[in-house]
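Look at the two complexes coming up: chain A is in both, with chain B in one and chain C in the other.
== the complex of A and B ==
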């Protein structure tokens, strides 16, 4: 009964939605020779620009470059009509969280994968799982319900931020990370 | 992060407000509300139940027929901070890096002890959920999260602006930055000076030497200083008076 509960609860707690388009980080990273910041860059003010627009994708994909189904789908549905993709963002934090990518990457010299995990090597985008109660992405809590044995880059709760800050003895205060 | 990237030296942000320069125009109040995403007042809101993180208070002196306007906000008490000591939720802390009294709406349970404890009445309770007229939500500042009904809020020296300045400096690989709170920027007579009190060379440190603070004898160590040539204003600053009769009418 207990075992069934543990198996059933996550399935009930999260809704699962596929991304509106498919994307292989591996094909773009290793094969095309791009790095994270080619597409996920900063503005001059230090604001993280997040996920690229269709226009910046079309900078390379002005025509079909490969033969995959996902590229054809993306081209026909988004590049040609000039529509933005409504990506479901795995690592979206609540509004009251202030996370400065500039401080962590430019000053703290951290690698993207230290928080985001090795998804730069993934071949496809997994389904987006949303917590029915909080509305947050499952990546915030992490893949394991009990949060034991999480690997670095899994879980993006305040506890995870704090653990890293404590290890590195970086003081941030409350309003350093909240707004 | 290694040893060379340790945080910069702690700052102690403070303000000096020249009351002889303040014309009472209220531009600072507008700038403050816009910066901090304070919604338009609820129709039932009174002076105490509405939210004015920064208020310009008019005071009069009968003897000299003098009138003055006093911009009042959280005075960022540094010693035995009254609101912090009474909070049962640890929702109030004095930031070690900036000296700013931090209010965490996420932890606040809405008991309002801090509002009772605050000698400056600089804290406000969200009696209603924030609501913006249609279309106005597009003007919200993405750097400040709107607060929900049931929590207390107050001035935090525009942390949203500090964050933006921090991010911009970080793009150049630096931790050094300066920023200006919204009220300081909006003031047409430049009555407000803002800066780091730990830096003896800063404008704010130099002006703070020839100034007074409100209710200084309570020993809460406010970091907002006031200046005036008028003696009656200085006397007023140390007087604990009865609250105005109009206030707190509904509750």
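== the complex of A and C ==
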């Protein structure tokens, strides 16, 4: 039963779905002279723009720039037909949660990796592991079932938010994050 | 291993024990709880660009500024407005859920006529008919307005002007109690300038928990440092008692004795700045009645006199009602004795009309009562209201919700809920400086539902009376004053008077006679209704507040009675057991909770929404503050 609980249960709990397109954050990072907020930036009003649209990708990729299969696939399936990519978002929170990137990044001076981990250095997009019961990504719970010894950027549960607020002595009432 | 029954049982037992050491139960618990948020019948919160609208909360009369966070024009959350002159960047629990009120399960979109649903215009026509008949028969018509001082209040007063013998009423509210008595003694409106006070003593009033605008006093408390001290006298360790710099735990019902004891010390030690008729009330007598040590009363009196300007505020609380008359007068008189500079003249708004306190109206005199829809967040027991009505009196109620009071009215005209219509906001009645503003609607009101000014105008029209005006007149009247300052936030604004407050002069204080507490044989305990602002008010609680009393138990919920563990032990009652609370006026089943903040000998029964009528019935029909009681195991 112990083995089933620790090995079989996690395997059964999550389904694995590949992203609809591949993307190398590493290739688009320092090597290309870009930073996180080049694509995931803030609007003129200070609002977080979130995931870039295909149109913004096409700003650079109006034609093929490389020879990788993933770029060819992306170009043929999304840029040329002008289709948006239905990205599976690892950090998606429940509907009753609101999170201000502007407040955390611009006012709180937090680095993206403090919540998102080394996602910006990844060579390819890992498969999206969806919890069969809650419907949210495995990244919300974190990689370890016991949630012990998680590194910064591993796990995005309310506990993680509260721990960070506690450490930084920043008060936030229920309605600061919930709606 | 062989498949014996013993082995099978051992395997099952071992597996059950082992599962607790795996992530299965804990992870499943977490995931299932999140899964319950995703049920298809739970409306999802819209996603999209967040925009902000500005308005004011109209759940009570505090007038707090709010900014509504909206997606697609639909508000999903409210937040306070920094720098707002009334709320000072704070909001109470009611305000945080005000945007949910248009979608409340009890939202009334149709009228009610003798309990049956009718179209809104049919309900209004019925109301006009009642009013016309009352005018023709020269019967007494009254308007009950929980938030006097608005332009719509002036419209009601004009409507009543065409009905001989009519009366414009307001129910008791903590903010009006001490200030109201001081106004009477000064012969002009009085208010408090909290910023001037260096010592504030509240006696039985939740000053830091739902008095006036929530943010204003809490901001003063949070930034007080050594500038101002908060003292609080109350039998129980309430939220205000817990926050105060000093809590003085007096016996239930001894508020007047405590105030008179303080006054006695001020007079005896030559600290009073005005003559007082009660120097003979001895320190020892006050100590005996309040259960305090004489040196405690002495120290408080000297602190009030030595750390001036001092303010002393009574008024009871929003649920358990006003303090007795002798207590209110004794508390108000302390301000006169102390010569408090924090008690100032209040310049009324140009359209403000004086209202008669409901409790001053002779019993059985009102034939038709028009109850306004606005709430001040306080409880008004139906029995107390009914006592003022004549036999066969009729009630016309303007309401956005199907409450117990609405169901018992003869006619209910459906009106806009909070956030649905342009509404007036004014400063709390205790504030020295008047304020007035308009709260823009956050959502559209349903078709057919009226605004209150529309109903008043239609009532006047139906009775062939002159038009009672409109709320547009208010802004013109305020502009004509040519003074004050306007705080603008988004598309909303609020005007605050700047007229120099000056000093008040008081006539000689009346003699205050201490009423002897009434004792009832066989009722050794004291039952006290308990609650929080809005818990038993004219409009229901926002759904958001269920977190406070259902999930977190931070506030008492329905049918809960809290007693000190020692009281329960003496009575042989167990924690969370069922019991019956009995008073000379009736009995009610309650669920017992132990709470060491409740004084021994007291039973605090939660007055909560519709269930509040059952609790108030235990206190009779003249007072809803306390009653002699006993507890019996069910």
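A few notes on this one:
As a convention for this text, the second predicted complex is superposed on the first by the 176 of 179 C-alpha atoms of A that agree within 3 Å, B and C clash if a C-alpha of one lies under 4 Å from a C-alpha of the other, contacts with A are read in each partner's own complex, and residues count from 1 in each chain.
The criterion applied here is as follows: a contact is a pair of C-beta atoms (placed from the backbone, for glycine too) under 8 Å apart; a residue touches a chain by one contact, two chains touch by 3 or more.
Remember, predicted model here, so these are calculated numbers, not experimental data.
Superposition model on chain A: chain B and chain C are shown in a clashing arrangement. Judged by the touch definition given at the top, the superposed model places A:126 against neither chain B nor chain C. Look at A:95: by the touch rule set out above, it reaches both chain B and chain C. Residue contacts after overlaying the shared chain place A:44 against chain B, while chain C stays out of touching range. Once the two complexes are overlaid on the shared chain, A:135 sits against chain C while remaining clear of chain B.
By the touch criterion stated above, A:179 is placed in contact with chain B and with chain C alike. Once chain A of one complex is fitted onto chain A of the other, the partner contacts of A:151 are absent, as it touches neither chain B nor chain C.
Using the contact criterion defined above for the overlaid structures, shared-chain residue A:73 touches neither chain B nor chain C, since it reaches no partner. In the superposed model, A:109 lies in contact with chain B only, and not with chain C.
In the overlay built on the shared chain, the residue A:9 is in contact with chain C alone; chain B does not reach it.
Steric collision with chain B, judged by C-alpha atoms after aligning on chain A, is confined to one stretch of chain C among 6-14, 258-266, 294-302 or 420-428, namely 420-428.
Overlap of the chain B and chain C interfaces on chain A: residues 47, 95-96, 98, 174-175, 179.
Against chain B, in their complex, chain A makes its touches with residues 42, 44-47, 95-96, 98, 100, 102-103, 106-110, 168-176, 178-179.
On the chain A side of its complex with chain C, the touching residues are 1-2, 4-6, 9-10, 13, 47, 94-96, 98, 131, 133-136, 141, 145-146, 174-175, 179. For chain B in complex with chain A, the residues that touch the partner chain are 1, 5-7, 93, 95-98, 100, 102, 104-106, 143-146, 156, 159-160, 163-164, 166-175. The touching residues of chain C, counted against chain A in their complex, run 14-15, 18-19, 21-24, 27-28, 30-32, 34-35, 37-38, 44-45, 47, 49-50, 69, 76-77, 79, 96, 547.
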